Every structure is written in structure tokens, then in C-alpha cells.
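Reading through the C-alpha cells given below for one structure.
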Amino acid sequence: MATVPLIEYEDAPAEVQAVFDDIMKTRNLKRVNNFWKALANHPPTLERTWESLKEVMGEGALDPLVKELVYLAVSATNACEYCVHSHTAAARKLGATDAMIGELLAVAGMANQTNALVNGYQVPVDEGFKVAP
Amino acid sequence: MATVPLIEYEDAPAEVQAVFDDIMKTRNLKRVNNFWKALANHPPTLERTWESLKEVMGEGALDPLVKELVYLAVSATNACEYCVHSHTAAARKLGATDAMIGELLAVAGMANQTNALVNGYQVPVDEGFKVAP
Amino acid sequence: MATVPLIEYEDAPAEVQAVFDDIMKTRNLKRVNNFWKALANHPPTLERTWESLKEVMGEGALDPLVKELVYLAVSATNACEYCVHSHTAAARKLGATDAMIGELLAVAGMANQTNALVNGYQVPVDEGFKVAP
Amino acid sequence: MATVPLIEYEDAPAEVQAVFDDIMKTRNLKRVNNFWKALANHPPTLERTWESLKEVMGEGALDPLVKELVYLAVSATNACEYCVHSHTAAARKLGATDAMIGELLAVAGMANQTNALVNGYQVPVDEGFKVAP
Amino acid sequence: MATVPLIEYEDAPAEVQAVFDDIMKTRNLKRVNNFWKALANHPPTLERTWESLKEVMGEGALDPLVKELVYLAVSATNACEYCVHSHTAAARKLGATDAMIGELLAVAGMANQTNALVNGYQVPVDEGFKVAP
Amino acid sequence: MATVPLIEYEDAPAEVQAVFDDIMKTRNLKRVNNFWKALANHPPTLERTWESLKEVMGEGALDPLVKELVYLAVSATNACEYCVHSHTAAARKLGATDAMIGELLAVAGMANQTNALVNGYQVPVDEGFKVAP
């Protein structure tokens, strides 16, 4: 359960409804997910987070599906249960197969493993990897 | 500085040299990076980690470049300095542009931000996201 | 569910009851929260944790409400569900408004985002920030 | 060393210079810190991050100094060396004393400790802490 | 609930059944835990993870019980609910007492606390701790 | 470099010198490490942290060497460079061999990997693992 009430569209002030409308239109949804209903408790955070996500997650040098997979990998690393669920769903909607999700989590798993090994041995950075400031 | 000496090829036992040889051949390198020289202090970990990485990071349902970008996103999340350097270099070798790395880190940044928001509000998982066990 | 039983006051040894008594008296509670009932499985940890928390969270150079908000920000970062719930409740008891909690989580979110960006770009520390050892 | 070059004002495109100008004016600085010079490698991230930070870190229901202290606590939790340095400096500029920083890190330390204890015992959330969705 | 279905033995392909058989035989179990049923959605990850765990967690320079306790400490640090439950159970099966688990979590708690203090103060590494590369 | 000056014994107030004396006597050292010199900027944190560590890390149901290894595993997970160095040194002083440290980091690596896999698949806890509250 949330630490704040989830704000439904009908109970929301106009500024929140405007953001909800844009989310539903952009993502072709009939209602917004719980994440947005929770953020609606603090309208400036709702609006800023939505504007940022809309800009970051769209088409660009990286494919939107790749971006959802990256989001999932980070969320698994951070133990964010809700985020894992929502970004797995989003990735599947964009065409992610079981094999893609399987490989993605395998990579995330190996990254977490070798991050710990590197930090545990405190491996010094190879000179060849460095970029001059 | 490392907490263990870095084992150079010349000083390594045969089982370590065999792994180093396979790394250099597979990745077309003249010498292995410091990560492998550190793992060589524990040969079973060296061999297991290399065999796992070779299997996980190769061609599959996901592109090797996508995998390197995911690795970078996780490493940035975990504050692994060495890993950020080595996987940025690996991603560039596979063709990552400045725009791709810029977008990748923007996604990783947003994921870390919304993970904290979700955990801070303890947003309950939408019923529609769940998969029956 | 816990991985250990929760120890109720009635079933607790005298050394645990003494700590429970001090918690209830200091915080003006009728019974202790589940956290303390779990720690009671290891009395030295119960006592040490309570003594430390009592010292750290009280009035000082920082306001107790500020301390609860900091606690909440760290707990959200670490994905500690219980801690988010208990420190949100504690902050509200000390007067935290919806706007304060909204801003607090917005700051925690931005911190997690820029931490990932900084680690992803491995930004070198500005000379002006450093303090001589 | 960074994984990207640091972009100096003189070498920056006009859109980056405009953001740098606003940072220097808002914060009363003669030049921007390395963080912004690194983000300048991806102008949309530079602009979005600055606009977000400007909105989040200003005066509101919470004091700007409290916000810097929260930022420092999260950065210490995430092992972000640069961020610890820059937000310690920012907090001191806003009046943080040694005692305040000492108490802040003591709270952050206790939060990280009890987060691990709670997660290690998997303490169930008290009914009284929950908010209806 | 999982983001993938849990694959039961009866519904699994032969390659998965072979791994399940080896897990049950090695650990003297009548059926495998949910972790393996989830990994069975991606057979290469199932097989690689099992082979690695079997090698790493067995008898060696460290006692298997010590290894389970270390696993528990890391899982508590990472807020992995499932892992905390499964490795607490595994540790108890190998003889862990309440006192051992209590001390283990006390150590993990102190480590998380002092990690945050060290990162918050950015304590420089003592010369005497360093190993020449 | 630290964000606070390191306090040397000669420059420390009496309450700090008393803690330094106890550290040096208990651990048979000629001078305290940088960690303590940094904490000395906030004497209550110095004293509380030392008293807690002295109690937690001593002989008990777990061996002091096992405790140092657990500390190292957590520190590697949290990317605490200083802590990795200091607890590797402490473990070696208590008799840790290269094989022990190699196995320890292998376990920590696997734990971080499977934590991410479990969180990525959101594996539900097996009924058999649960303890009644």
C-alpha cells in the first residue's frame, strides 16, 4: 500500500487532469497507472516527471524498446518492484520477446556480479580507457 | 590501487594463460585488461566469469551493442568506476555514438529518479501488470 | 512475513522488556513497532540500535523533522519498504505536510538521477571542492 | 577522468552557452562546475537536468539548506564521490556547520544500518503505518 | 507475483528438466524453488546460473555455512526479499543459530552504516592499505 | 580527498583522544586509520561508531574473521573503496588467505547477480520459506 492516497482523475485538480490527459493521449491509455496517481499528490513533481519521461523515452538515437529494456535493468538493480512490473509490461507492449527479456536480465545479472568483483578487488582503470578532461 | 596484485601473462600459471589466450583471441586484443589480471588471483573465478560473459554478451535476441549499453547503465547505477570506463570503451568500439551514450545515461538517470519516487511513495502494482504464477 | 518471529512484550526476557519500556516512554507509544519486535530476537542488536537511534534522532544542530525526512530519503533510495512506511509516519507525526514530503521525494529523486549521470560520465571532482587532508 | 571530454564555455554551441549563462547567473558563479561541462556532451540532458534542478532545489515548503543536506545523504548512500563533494560545498555555502554535517551523516549512517536490518529480518509493515489506496 | 510464469517440472522442456533433476539431487530436494522455476523461462540463464552457484557455494577455503551467511548479508543490503528468505532458510538448514543470524545482520548493518559514513566524508585510503599493482 | 580535515591525535580534544587511545589499545595499533580521523570531526559519531563496532566485530557466535569477510562483501556491494581496502587488510591480518578472499568475492558476486535476477523476474517467495509473524 502507498504512503499517500492514489488520486483518481475525477478527484484531481485541473492541473493534474491536464497532465493525466496528456499521458493517456500520448500513450493511448484509457486511464493512467498508479505511479501517476501517486505523483499527483505533488503536482509539480507529476508534471516535471512526465515532461522529462516523455522527452527521454521517445524515439531518438536509441530505439524506444531498447530504452524500456535499459529501464528494466536499472529497476531490477535497484529492487524497485513496481518499476520492474511496469517496464516489463511496457517492453512487451513494444515487442519484447521472452528471449529478449531473458537475455536482458542475464546481462543485468552479469553486470551486477562483475561490478561487485571489480569493487571487491578495487581494479585500477586501464590507461587506455581514460579520456582526457 | 587494487587490493590484490595484477597478474601479468608472463607470471601466470598455465590455466590462467589459457583463459587469457581465449579472451585475447575472442576479443581481438593484444593483452587483457586489468579486470582479468585481478581475477587471475582466483583462477576458478577468472574462468567462470569469462565463460559466463562470453555466453551472455554475444549475439542473440539482443544486439551486442545494446548489451554493452545495458551494462553501462547498470554500472553507472552501482557506481562502479572501472566498469563505467570499460563498458563505455566497449560500447564505442561497437559503434556507440555520443548521442547514443547521452540518451542511454538520460534513461538510466530517469530510471534511478523514478525508482526512488516509486519506493518513496510505495506505489502499489497495478493489477494489469501482474502475471499469474 | 518476517524471517524471524516477532517477539511480543509478554513473551520477552527482562532485558528486552527494559528496552521496550524505554522506547514506549521516550516516544510516547502504547506498544513498540514490528521493527523492535524483530530486533528482539538478538537483544544486543536491539539495545545498541535503540541507544544509537535515540542519540542520533533527537534535537541537535538539525531539527528532528529534518532528520526524519533525511531518513525517508535514504530509505526510498535503498528500497526499504518498511522504513519508508515507518519514517513517513514519523515525519507526519512531527508535522510534515504533503508539500514537504512531495518536495523531499522530488529532491531524493533528483539526487538519484544526477548520481547516476555523474557516475555514468565519471565527472572529475572540481579542484575547488576539495579539502586538504 | 571523465568518459567524455568536459565542454568549456568557449567551445560550446549556443544552446549550451545559454544554459551555462543561466546556471552562472542563478547561482552567482563565474564558471560552471565539471558536472555541467560533462552534461554538455548531450545538450537535451544538460537543459532538462538544469531546469529540473532549478525548480526542485529552490525555496519551497523545505529550506534550500535542508534540500542540500538531503542531497548529500542520498549521494553518500549511492557512493557518488563527485556529488558528495559538490553538495557538501553547496551545503556549506548555504550555512551548514560542522555539527550539522556531522549530524546529517550520522542520520544517513543509521538509516543505511536499519534499512539493512529491516531487509535482513524482512520486518512486516505495521498495520498502523498503511494508507488506503 | 512474478513478471513471468513459473515453469513447473511437468511443463518443462527436457533441457530444463535435466537442470531441475541436478538441483534436486545435489540439494536433496523433492522439488525446486520458485527461483529456478522463474529462470526456466530462459534455459541458458537457468543452466549457467545453476552451474555457477554449484561451483561457488560448495565446500572450499570457506565453509558452506559462511557462504550462505555472506549471501544473506549481500541480499539484505540489496533489499532482495526473496533472496533474504531463501538464504536465511538455507543458512538454518546448514546449522545457523539465532545468535549467528543476529550477529550476521548486526555486522551487515554496521557495514552499511560505515560505508555511508566513509562515502559521506570521502575518507582517503590509508597508504598502508594499498597493494602495488 | 576528504570533505573534512583529518584530525590528528595531537590536534584532537580530550574526548577524541580518549576514543583514539581505546582504538589503538584494543586493536594494537600505533595510530588510528583515516576513518577515525575523519569521524573525529563529529565526536559523538566517533564515539558511538567505535563503541558499536567494538561490540559487533568481536568474538561471538561468529568468528571475527568471518565478520571481516562479511564486511568486505557488503562494502564491495556498496562500492565503498575505502572500506574494501580497510576490511581486506583487516581480514588478512586475521589470517584470510588469497583463496578465502577469492571465494568470498565469488560468493558476493553471485549474490549480486542472483539478487538482480530475482528482482528482475519478481520471483514470489516460496511458502516454505516463510515464518509466521
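Note that the chains take the letters A, B, C, D, E and F in the order they are written out, and that residue 1 is the start of every chain.
Just so it is clear, contacts are C-beta pairs under 8 Å (C-beta built on N, C-alpha and C of every residue); 3 or more make two chains touch, one makes a residue touch a chain.
Keep in mind that what you see is a predicted model, and the values were worked out from it rather than measured.
**Q** Among the listed pairs A-E, B-C or C-D, choose the one whose interface is a repeat of A-C, with over half of the contact pairs the same by residue number.
**A** Repeated interface of A-C: A-E.
**Q** Could you see whether B-C or C-D has the larger number of C-beta contact pairs?
**A** Higher C-beta contact count between the two pairs: C-D.
**Q** Just the number, please: Cα centre separation of chain A and chain F in whole Å.
**A** 33
**Q** When the C-alpha atoms of chain E and chain F are each averaged to a single point, how far apart are the two points in Å?
**A** Each chain's C-alpha centroid was found; their separation is 20 Å.
**Q** Could you work out how far the Cα centre of chain D sits from that of chain F, in whole Å?
**A** The mean C-alpha positions of chain D and chain F differ by 26 Å.
**Q** Please list all residues of chain A that touch 2 or more other chains.
**A** 1-4, 6, 34, 41, 44-45, 48-49, 52, 56, 73-75, 77-81, 84-85, 88, 99, 102-106, 108-117, 119-122, 124-125, 129-130, 133
**Q** Of all residues in chain F, which touch chain B in the complex?
**A** Answer in residue numbers: 79, 84-85, 88, 98-99, 101-103, 105-106, 109, 116, 124.
**Q** Could you pull out which chain B residues touch chain C in their complex?
**A** 72-73, 75-77, 79-81, 84-85, 104-106, 108-117, 119-122
**Q** If we count contacts the way the header does, which residues on chain F are in touch with chain E in the complex?
**A** Per the stated touch rule, the residues are 1-4, 6, 33-35, 38-39, 41, 45, 49, 52-53, 56-57, 60-62, 66-67, 69-71, 73-75, 77-78, 80-83, 85-86, 88-89, 97, 99-100, 102-104, 106-108, 110-115, 117-126, 128-130.
**Q** If we count contacts the way the header does, which residues on chain A are in touch with chain C in the complex?
**A** 3-4, 41-42, 44-45, 48-49, 74, 78-80, 133
**Q** Help me check something: in the complex, which residues belonging to chain E touch chain B?
**A** Residues of chain E touching chain B: 1-6, 34, 44, 48, 52, 55-56, 125, 129-133.
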